[in-house]
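Questions regarding the structure given below will be posed in turn.
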Amino acid sequence: MELFLIFISAALVNNFVLSYFLGICPFIGVSNKLSSAISMGMATTFVMALTAIVSWLLYNLILIPYHLDFLQIPSFILVIAALVQFVEMVIKKVSQPLYRALGIFLPLITTNCAILGLALLASMRSYNFMESVIFGVGAGAGFTLALIIMAGIREELDLADVPKPFQGAPITLIVAGILALAFMGFAGMI
Amino acid sequence: METTTTIEPKQKVYFDLTTSPHLHSKWTTSKVMWFVVAALVPSIAAALTFFGWTQIFIIITAVVFAVGTEVSIQVIRKKQITWFDGSAALTGLLLALTLPPNFSLSATAIGSVVAIGLGKQIFGGLGYNIFNPALVGRAFLQAAFPVQITTWLKPNFAVDSVTSATPLAAFKFDKIFTDTVPMAIGNVGGSLGETSAIAVLIGGILLIAVGIVNWRIPLSMILGMFLFGGMFWLINPQNPTPIFHIFAGSFLFGAMFMATDWVTSPITNKGMWVFGLGISLVLVVIRIYGGLPEGVMYSILFMNGFVPLINRYTRPTIFGAVKEEKKK
Amino acid sequence: MSSKTFHGGVHPKEYKELTENLAFEKFPFPEMVILPLSQHLGKEASPQVKKGDDVKPGQLVAKAEGFISAPVHTSVAGKVMSLGKEQTSSGFPKDSIVIKTTGTVESEKFLFPPLNPETATPDEIRERVALAGIVGQGGAAFPTSVKLTPPKDKVIDVVILNGCECEPYLTRDYRFMIERPDDLISGLKLIMKALNVNRGVIGIEDNKPEAIELLSSKVKFEHGLEVTALKTKYPQGAEKMLIKTVTGREVPPGKLPMDVGAVIQNIGTAIAIHDAIVKGEVLISAALTVSGKGIKNPKNLIVPVGTTIQNVIDYCGGVTDDAVKIIVGGPMMGVAQFDLHVPVMKATSGILVLTKDEVAENPETPCLRCGQCIGACPLNLMPTKLARYSQLNRFEDAEGAGITVCMECGTCAYTCPANIPLVQWIRLGKQKVLQIKRDRDVK
Amino acid sequence: MKKRVTLLKEFTKGLWEINPTFKQILGMCPTLAVTVSAINGIAMALATTFVLFFSSLLISLIRKWIPNQVRIASYIVIIATFVTIVDLVMKAQFVELSKALGPFIPLIVVNCIILGRAEAFASKNNPLRSMLDALGNGAGFLISLFVLGSIREIIGSRTILGYQVMPNGFEPWLIMILPAGAFLTLGLLMGLANLYTERKKNLEREALIAQYKRVGREEITDEVLKEAGV
Amino acid sequence: MKVTHIIATLTLIGIIAGGSLSLVNNWAAPKIALNQKAETERAIFLVHLDGKRYEEIKNTGFEVYKVFNQADSSVGYSLVYAGNGFQGKIKIMIGLTEDLNKITSIEILEQSETPGLGTKILEAPYKNQYKELTPTPSIKLVKGVEPSNPNEVKAITGATISSRSVVAIVNEGVKRLKELQIKGALK
């Protein structure tokens, strides 16, 4: 039950994008086409799940026991960068179509604060291993959900008559604001 | 072959030259909008009866500011001024009807400005908005003034300024159920427009009868309530019955007037089913597990966000085409 | 009686009461006729006369060029005055032969030798239909002989006579069914014979109970023939819809009725075939409905092909003061006219003069995404998207959304509360898409 | 031919022309997250500027020496080091602020502004210019965060930098300090900023056309105008 | 050549970075630890105003402290208990008398309620209701009326859920502590 709550909380109630403000840049940058949004969402979710695992191991098996927790930030970011590289290589080997779909999004993920934020939040909240993993998957699901909704809306807005100064990032932020209002309905669910 | 025309046309007549079809159904945008306003008259009457005639000021404020905002923005954008098409007035009216009685007029005005400004005009005006403008206005108000907007007046003709819990709040916080009959008549606390289920149904059925409201949305919402509400009720009889869910709060008002907003609901018939069922599912979850007693507004706004995706994935199969695999 | 139907469609006000009880009248000979060389789909016919030639009614003046084409015959006795471009009701000028009427003697009319319908062979029928210049009377004016000559690999198992007449105002097909039921059944049997089919269906909308009753009683003892009552709904008469209603088969996008084993012919076409075989006549007159509140005396008329619309309107007493729009064809698919000096053609089914309150013109607003057009489109397209893509020059998206499938029936624009000229935008987009497709194929 | 940019310009361009928030649309997450109040905005911007300044300086100093293959990795390590320093200092000396800013201090590491400036500027320019560029961008960031934070604080809690500025009769709009308020305010501000830029451009354009007309230049084509930079 | 250069660069950067960080950390770590300790201490003495010294009671599954006054005699217990509020976790320091039958005071350590609404649980009018409150049999939340019994707390208008959560957390914490007392684990 606790695990389920962590998932729902990360995905809906405290959606990473709409209420924690993590991963806003890709959210604005990659949400203009549905197909890219889906790929980016999948890639991010995958990397988030892996990051949750690896960073938990790193933090609890190395940094804490050896009192190196002041190295948390550099070590996490390097681990994430290495992980993304590794995932890229594996995908390239395993499935060309998947690589073509996700490939260009993977490098973008390294500098996406949602991933690092995930690792930091999980360690700040002292989640245990399983909780960390579920947190990662939930956060990824929430990110993907927000990204896909936004992409659908933006494709629709291509047909609309948005005032010129508001096209692009401004209208995306405003839609995100309204979505954040809509997601407030889930408040108090945890 | 010779190419000269030998005979001069006897006479040229310039008639109306618009292209086919030359006939047209009797509905126009403004007729539709004003008709919906008319269908709200029973609900307005019920609101004034149960909460006192002074509530008319909330309605007037909301409508005036909605129309005013619409006109101002159109003037600034140098667009054609179209307040008379009734859509802004309707948005204002609907916003007013979702507010609690005795709500502050200045906050009402803010809500109207937000509804039209951020809910509609920023997307390009009529027809382009993604979210239901009236609900954007209300959601804004609920987030800005959460205490005010959850202070409910007891419906009565004499007693003034007595707050009372709505049936949903009574259930949520004190596990007290209200009978269906008073909820149907409107003898319970709640927003202006939603109190009387009967008044709402009169207007709604009228709209369905003339074909403005597509019956699929209200029906799928009600069926969804029986399905999902019923499911939660069977799992745990402490939870409200589907009937309670349907008559409590603004479910019917939302189903008849707000989920059915043309602009912000799906355009395909299949999509309407998905939309309606989705609203009910989200609503049941919010009502049972959420921190807030009511979630009609949130569930409609939430599903509004999905409408472009729903439209995309419920695109009807072109006549005669074999059902192709989903694209990409 | 539960009538069959298809998904979508609309039911506009019918206005058929204006003319449905008026028997056909014969229009007297006009002073002159304009005979466009292309009154059909396909290749233009090539002229066989020159300026100054004398011609007699029924004489061949232009012969068919190639397989998909039809010959043209003169409808009057007279003298060829000119060959050149003349305005037509389609809105485009076309090469035409103009003939000044000199005589009115009908007995001089050219006739083929009559054939016995019982003994005529399929080839004889096809040849006669081609020589008589018969084109589809249902609106598209497709050369009928071509339809009667399906490729060898297509198996046709049903012929459907289209008696829907789903466009408002028009009552021509109805009058044919009431006045000449036996001839039309004979025409249907000839078509079936030409195609070697033994099932024939006459589909009639249920707003014409007399016609249904009359024809039902006539076919009761005919083997293989039946009458089917269809729900009154526009565009019930569109080929794909009719086939779906009658047989349950759907014609896939880009395919023809014969791909699903059906051939559809209009009522008027069947009558013309009967006349050509049994009487030896060529197609030189058009049966049409002249109607609308803007015409003084609405009528059902038999008019020599080539007569100008002006002549026909004058014959019907002229237009009223409040007339605002003149249409050739039905109100849903017909073309508005700016010049009345255009000829009645072989497949002209009606001339409508409409007044302001009939053509309610309303201001256009942006799309409200009400979905009415989508619910109504009989081909399950998304007209609002097609039109919007076309407005924004997004032709690839338009193609992806199936714009080329649209049959321009106008159902969507009829329902649209925002009054968006959907068909106009779709037509434009369709042309662009077809152009792009051609360019792509060239590459 | 690249135009020589004055040193002053190197600093001032960051304030508005390439303002990180409004023009480059970078560093959105901290911008939205911490601007609940003006003071949080200022603190965040200062912390970011600190990291930006030192990492730009360092990267510029050693730019010729770092092999291309490990460029980004080196930058990240450098940036992460400075971020950790800030984080530790804040935790040790400014407990309250460090709590309010939460994980957004460590997240400066991935703030696209820093890596963006490192890549786009510091790795190609000398230390002096890099420092000015960093300060300029930092100041631009500070301006954005301060404006956003002030607006949200004034309307959302009636105060600015903790001092009440709105009358008691004014009911604060709670939404302004909620996530939704952050998105909506920034969206509107950004739209207005674009509107302003567009207006200004149009005015300049008109002025130039008028000037050309005065000197009797005939054809005023789009190319001519483009060349003149409007 | 190339490869050695790369490796050299990375190693150097790594060493310099690690070295400088460990320097800074040596300076900061004690301060941070001190800050954390000071915070706990402050909260403990806030819920026991006459407290001067405290001892942590180990192996209880959550933080419990025994608090002593100037005279070094025990004045009661402080415990830290957490639970779900409206938006997220609420963590509360609860002060109790020696017999666990009176609450001395409470202090909210962490919360993420809606600012201006749920955060009213941090403010005196709500918080002070817990002073001298009797948690037996359990604390009750009342709405709209003034509390009339020694175990009643009035809800904050518009933030019933947050109010209720605090009550629930305190009740649960006290219950767990009582269980521990019965087991004799508080000695």
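A, B, C, D and E are the chain letters, set down in written order, and residue numbers restart from 1 in every chain.
The working rule: contacts are C-beta pairs under 8 Å (C-beta built on N, C-alpha and C of every residue); 3 or more make two chains touch, one makes a residue touch a chain.
Every value quoted in this text rests on a predicted model; they were computed, and no experiment measured them.
Trainee: From subunit A, how many touching-chain steps at minimum until you land on subunit E?
Mentor: Counted as steps through touching chains, the separation is 1.
Trainee: Work out which chains are contact partners of both subunit B and subunit D.
Mentor: Touches both subunit B and subunit D: A, E.
Trainee: Can you figure out the chain closest to the middle, judged by Cα centres?
Mentor: So the chain nearest the centre of the shown protein is B.
Trainee: Determine which two chains are connected by the greatest number of contacting C-beta pairs.
Mentor: That would be the chain pair B-C.
Trainee: So which chain is farthest from subunit C, going by the mean of the CA atoms in each chain?
Mentor: Using the mean of the C-alpha atoms as each chain's centre, the farthest one from subunit C is E.
Trainee: Cα centroid separation between subunit A and subunit B, in whole Å?
Mentor: 33
Trainee: Return the distance between the CA-based centres of subunit B and subunit E, expressed in whole Å.
Mentor: One centre to the other, that is 45 Å.
Trainee: Nearest whole angstrom, what separates the Cα centre of subunit C from the Cα centre of subunit D?
Mentor: Comparing mean C-alpha positions, subunit D is 68 Å from subunit C.
Trainee: Distance from the CA centroid of subunit A to that of subunit D, rounded to the nearest Å?
Mentor: The separation of the two C-alpha centroids amounts to 23 Å.
Trainee: Do you know which subunit E residues sit against two or more other chains?
Mentor: As it turns out, subunit E has residues touching two or more other chains at 17, 21, 24-25, 28-29, 86, 114, 117, 161.
Trainee: Can you pull out the residues of subunit B that are in contact with at least two other chains?
Mentor: 118, 122, 124-125, 128, 140, 143, 146, 291
Trainee: Pull out every residue in subunit C that's touching 2 or more other chains.
Mentor: If we look for residues of subunit C contacting two or more partner chains, we find 366.
Trainee: According to the definition already given, which pairs of chains are in contact?
Mentor: All chain pairs meeting the touch criterion are A-B, A-C, A-D, A-E, B-C, B-D, B-E, D-E.
Trainee: Residues of subunit E touching subunit B in their complex?
Mentor: 86, 114, 117, 143-144, 157-158, 160-161, 164
Trainee: Please output the residues of subunit B touching subunit A within their complex, sorted ascending.
Mentor: Going by the criterion above, the answer is residues 77, 118-119, 122-125, 128, 130-131, 136, 139-140, 143, 282, 285-286, 289-292, 295, 297-299, 301-302, 304-309, 311-312, 328.
Trainee: Under the touch definition given earlier, write down the residues of subunit D that touch subunit B in their complex.
Mentor: That would be residues 171, 173-176, 178, 180-181, 184, 191 of subunit D.
Trainee: Once bound in the complex, which stretches of subunit A touch subunit D?
Mentor: Contact set of subunit A toward subunit D: 18-25, 28, 70-74, 77-78, 81, 111-113, 115-117, 120-121, 124, 163-166, 169-174, 176-178, 180-181, 184.
Trainee: Applying the document's contact rule, which stretches of subunit C touch subunit B when the two form their complex?
Mentor: 10, 12-13, 32, 47, 51, 81-87, 95, 98, 168, 240, 244, 250-253, 255, 310, 323-327, 329, 331-341, 352, 354, 358-363, 365-371, 374-375, 378-382, 384, 401-402, 405, 408, 410-411, 413-419, 421, 423-424, 427
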